[in-house]
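Order as written gives the chain letters A, B, C, D, E and F; numbering starts at 1 within each chain.
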């Protein structure tokens, strides 16, 4: 057992992994990584490694789940058995069922569901490696995968957590901080609409700390948002180059 | 689902809320009348039934012995389960828990767990080997909206009402003795769910109101007024300003309920 | 372990809970207790506490279970996890599946199933607390819930057990007598039709004892039948009063 | 279900029974011919196959060691399972046991358990720790009616045929030794199911007859002629007089079968 | 634990059960043993005792599994709980799921699936007692059950294993040889088409040994094929006799 | 299933193969380009990702302690599981493993097990009580044909890459120490699947080619060129001559791949 008295932030305000309080972990975003999916994205957020595939809009199966007035969004958040320290059974846990629901609800505000009645979209999120903050990284990647699929969106959704570690409100907790810290506040956000679409919290915070954490998380979201747009641009430039090459040939 | 309401009714409800009014005459931040009945299930170690308007939730607590988790060898174990019992609504179906009942159970669980309501170390019998396991079973008997607050309240009321068996250890065996001790509690969190419709926030939404709300946010508040657990739900969103507003609203209402409940 | 030699009936013929051999436990019956159900009832029979809700006749779901020539009755007998000494898993046990079947078959003779082709009725029985004789109390309450739903019935169904404890045939066994007694004979009965619709037995009885137990159980049923009718009357009077109040207002 | 029979055929069967006759010429209380084959499954500790008319049931008994139940620490454990094997009827489907197979298993179980057929205390190896577990698996191979009586008979026949491994305890470990002992039995119950159609009672109903019967009542009868377990089934009813009549009928038939079987 | 050094074949080339290397176990085949099935067969192959029932061609249930252009063959290989040394749970194991698939694929080449569009055939294989080689005996019996059901077939399918025990390639391994031997090669074969429809192998073999085992298994198949035809003839003669008797009466 | 191809396309593919040609220009026995990336999943004890054309398989290996099987008390335990992850193909559905993923897992399992790839006795910690359990999880991330060879290759690559925790036993307890040892391997089997269409055999079929093939046969080949496991699949058949031919083809290709892989 890890000694809970151990300090997670040193006197200079530096965290165990070398980051400052308001610093994000390194991020890597890729779009269009799965040949068979209609849209896909891959994210490395710290040591989180997550793959998202989107299929649809397509006919719902089973049919009775479809809705006459709108599209149905389904989402499965799933951890690979080898993604965590102790092997996880492939059967969905209660935690995975809950996260599937809140991730779906975080993405729904970005879509024009009424535009595609009687159809369904499936989002499959696979956590290949987990390092704290998987739900946020999943949302960030899922929004990219949706965009990659070509479905119209009100805005990208981007997610990031803030939390309290020792006595400090910090951005983007990794695994050890998540487990040994005081509180974790994952937030999903649509910058253009100023809309918070996911918000959860574990731990104990004063109202002031909570407010600070929410705002810090939103600032984090805005930074990742820039990376999301970058990743989409890279993809499009890539496509453009390919098209040009074809033309030149 | 037979509980869905018509578009006309939806419009009527929305327009009222936008004017700051509600179908049953309440103000936007008023709770419905509620009543707690404790100890209804004598066979359980603890129980409480909460009526919140017509919403009816029964919580039973069972205490058994079991093994601790490897990473908390000297703490008891808390297990929360929620059943949307099919007699509570035409829209509930028998079968294994679906995402709604799992989310409900996990919100109730986090309110208790994150506020450190139960003094877990006092549930340890023999470190790493034997501890008390506290089973909190939330049983929704009638669904008329705001299951989250009703379930969380009923669960804490049931824990307050819970008696633990006395025991001694003889030759490595746990012997249950006569008499009981109250379950050791350190906090009594109150969970308040704030609904959002357009730019309006409201509390304790009824079943029909839940169908017109954009989204909800639930906050567990402890005695110090601190926030212990949060869950946003629903397919809509909150602005950051609304979240701060909702958090304040929840804290104020928690103070008010705490007085009524004498918690 | 409880000493099986212990006497459950004293020399004066009084049972451990103070009752005589042919005496029922205290009963409390309420009708119309669940706002969302089409019919409902609550019973306290000794320390049994049972809630029953009825939905229907309504469209069957899934459809392929419906019958072109009659209504389908479905019944779920289910124990709350906290209803018994050792917590019961919420998943249905084999005992619960069997009891669901025999309770359904005990109620079917009371209904005009052929009157509502292609529809279904669901009866949900929830044992909130169990104290021996739950199947009988469930039937007594379920019949009330069906009557409360307004569906035409040939008669109410009422149920009660008799059994053998020590050397005596007794009425309405409670938990300890059920476990330590010699035999238990639950019976469901429709008094107006003189029809036994449920009959089971565990234990060992001579033919004469069996006959005596069945008759004693039927006598018990007749007494509870009076209480059932009382409970329905109370509900109707209640409704009448409410209607009058409305008229007076 | 492809085994359902036409209304015309139903009427024909009913009218016959009302006249005290049966489609295959039997009297109302006659059983079909039956044959028991024991020991067919050499790999099992016990087995028996019963042919009752065209109804075909195979029962296998396996004996393993396991833990006793906490409330009966010095008794062996009995587990009865029934499979309506899909090759036995077009109406049986593969999959987990449904309510019919669960009811069948529980009726067979109660007949054995309540008659105290197995001398459970002789199955205890070490009180509270290790006992023999007797698995009785009822395997329905062809369904032509009266599965209850056929299964119960085959199960008891298989138990009579069951051999228990010899063992000794060395250093707290159970060592299986050479040779076998018969499973210690105290009783050989016979279960008789009485069908009812209007005011007629009949025994050993065939598959088609079962579809016109109002209801059935099954009684397990021991050597002394006492009743050890009863189960009414079906959507109809019995009058109290019919129940007493059925009970007598079952007792008489059990005596008759007991002679034939030399049980 | 059994001593793996023990010899399974003696110096004279005789196996522990008295057989020579290329000798089959005793076989018993019966056709038409289940009154309710459309086709059925029973096989005793060594101590294997296996019952197969065939239903169909009939309407598929659930319907969405049916195919507009062909019949769907379904197969369930299932072991009775008492068929093996340690009681088997009745729930299907991964092994049973795999064997169901390979047995189905071994039988499909024998059928004219395109002749019966939108229908399904179900083959239920029940292992009453297992003694090594159950999949082969199942195929041999299932082909007979199919033939008994009257469905047109390109040929019977017949199956038999060969394998390596000690240093020798032998025919038709029984349980102990299967567990303690070096390799097992089950083969299903249609003699008239010279078609291998099932082939698996566990263990280690050189190419030459593998070739020898496959050929030896096919030779075994040919011998069993004669017994299959015999069993069908017996059934038909039986039917002929019955018909004649009826005529004579 | 949206991955089904049209009859026209099927005919086109078949005619090409019959002429000894393939849609992507490969010869009948050519493999597509492949690339192995090892150690991608730092959190797992071993991992490898294989790209074979557009087929993409990730294998993670976890090592935990557990009990040995009673009949192999001094050997470690191997458990192989395969997930046809739904993002890999529109035809894969979430849910418990179906017959395709179970067959895939069992083919991979047999290749490793029958070739005795893992030195199981070195995984024993305390005979009969505690051994290492090796979980091999095959995760199909994109399906473009030949999942069997891709999964088997990736699994062996992941095992080569697997590190085992060091440990010591103190007072009967397993203490995990610093540092790692490579997983003890005795063999590196290579599985080659041979497809058959009419009288043609081909290797490394793509997704579309698989839909026109009559049948397939998969052979695991060890360093000595011996055959360790075989599985025929598909609704068609092979002649005995084709099987021998396929076996030789697999052995030759295994030698070729072994060189490329430096295994």
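As a convention for this text, a contact is a pair of C-beta atoms (placed from the backbone, for glycine too) under 8 Å apart; a residue touches a chain by one contact, two chains touch by 3 or more.
This is a predicted model, so every value here is computed, not measured.
Q: Give the chains in contact with both chain C and chain F, ordered by label.
A: Expected: no chain.
Q: Based on the averaged CA atom positions, which chain is farthest from chain C?
A: The most remote chain is F.
Q: Going by the average position of its CA atoms, which chain sits the greatest distance from chain E?
A: B
Q: With residue numbering as the guide, point to the option in B-C, D-E or C-D that repeats A-B in over half of the contact pairs.
A: Equivalent contacts to A-B are found in C-D.
Q: Mind checking the centre-to-centre distance between chain E and chain F? Centres are C-alpha means, answer in whole Å.
A: Distance between chain centres: 28 Å.
Q: Report the inter-centroid distance (CA atoms only) between chain A and chain C in whole Å.
A: Inter-chain centre distance comes to 52 Å.
Q: Indicate the whole-number Å distance between the mean C-alpha point of chain A and the mean C-alpha point of chain F.
A: 32
Q: Would you mind listing the residues of chain A that make contact with two or more other chains?
A: Where chain A is concerned, no single residue meets two or more other chains.
Q: Return the residues of chain B touching two or more other chains; collapse runs of consecutive numbers into ranges.
A: Expected reply: 97.
Q: Mind sorting the chains in ring order for me, with chain E at the start and chain F directly after?
A: With chain E as the starting chain and chain F following, the sequence is E, F, A, B, C, D.
Q: Going by the contact rule at the top, pick out the chain B residues touching chain A in the complex.
A: 71, 73, 97, 99, 102-103, 105-106, 110, 114-116, 215, 217, 222, 225-240, 243-244, 247-248, 251
Q: Using the touch rule from the top, collect the residues of chain A that touch chain B in their complex.
A: 1, 94-95, 97-98, 100-102, 105, 108-109, 185, 190, 193-207, 210-211, 214-215, 218
Q: Within the complex, which stretch of chain C touches chain B?
A: Chain C residues touching chain B: 34-37, 40, 47, 49, 51-53, 55, 58, 76, 78, 80-87, 90-91, 122, 124, 126, 128-131.
Q: Within their complex, state which residues of chain D touch chain E.
A: It is residues 2-3, 40-44, 47, 54, 56, 58, 60-62, 64, 81, 83, 85-90, 94, 96-97, 135, 137, 139, 141-144 of chain D that touch chain E.
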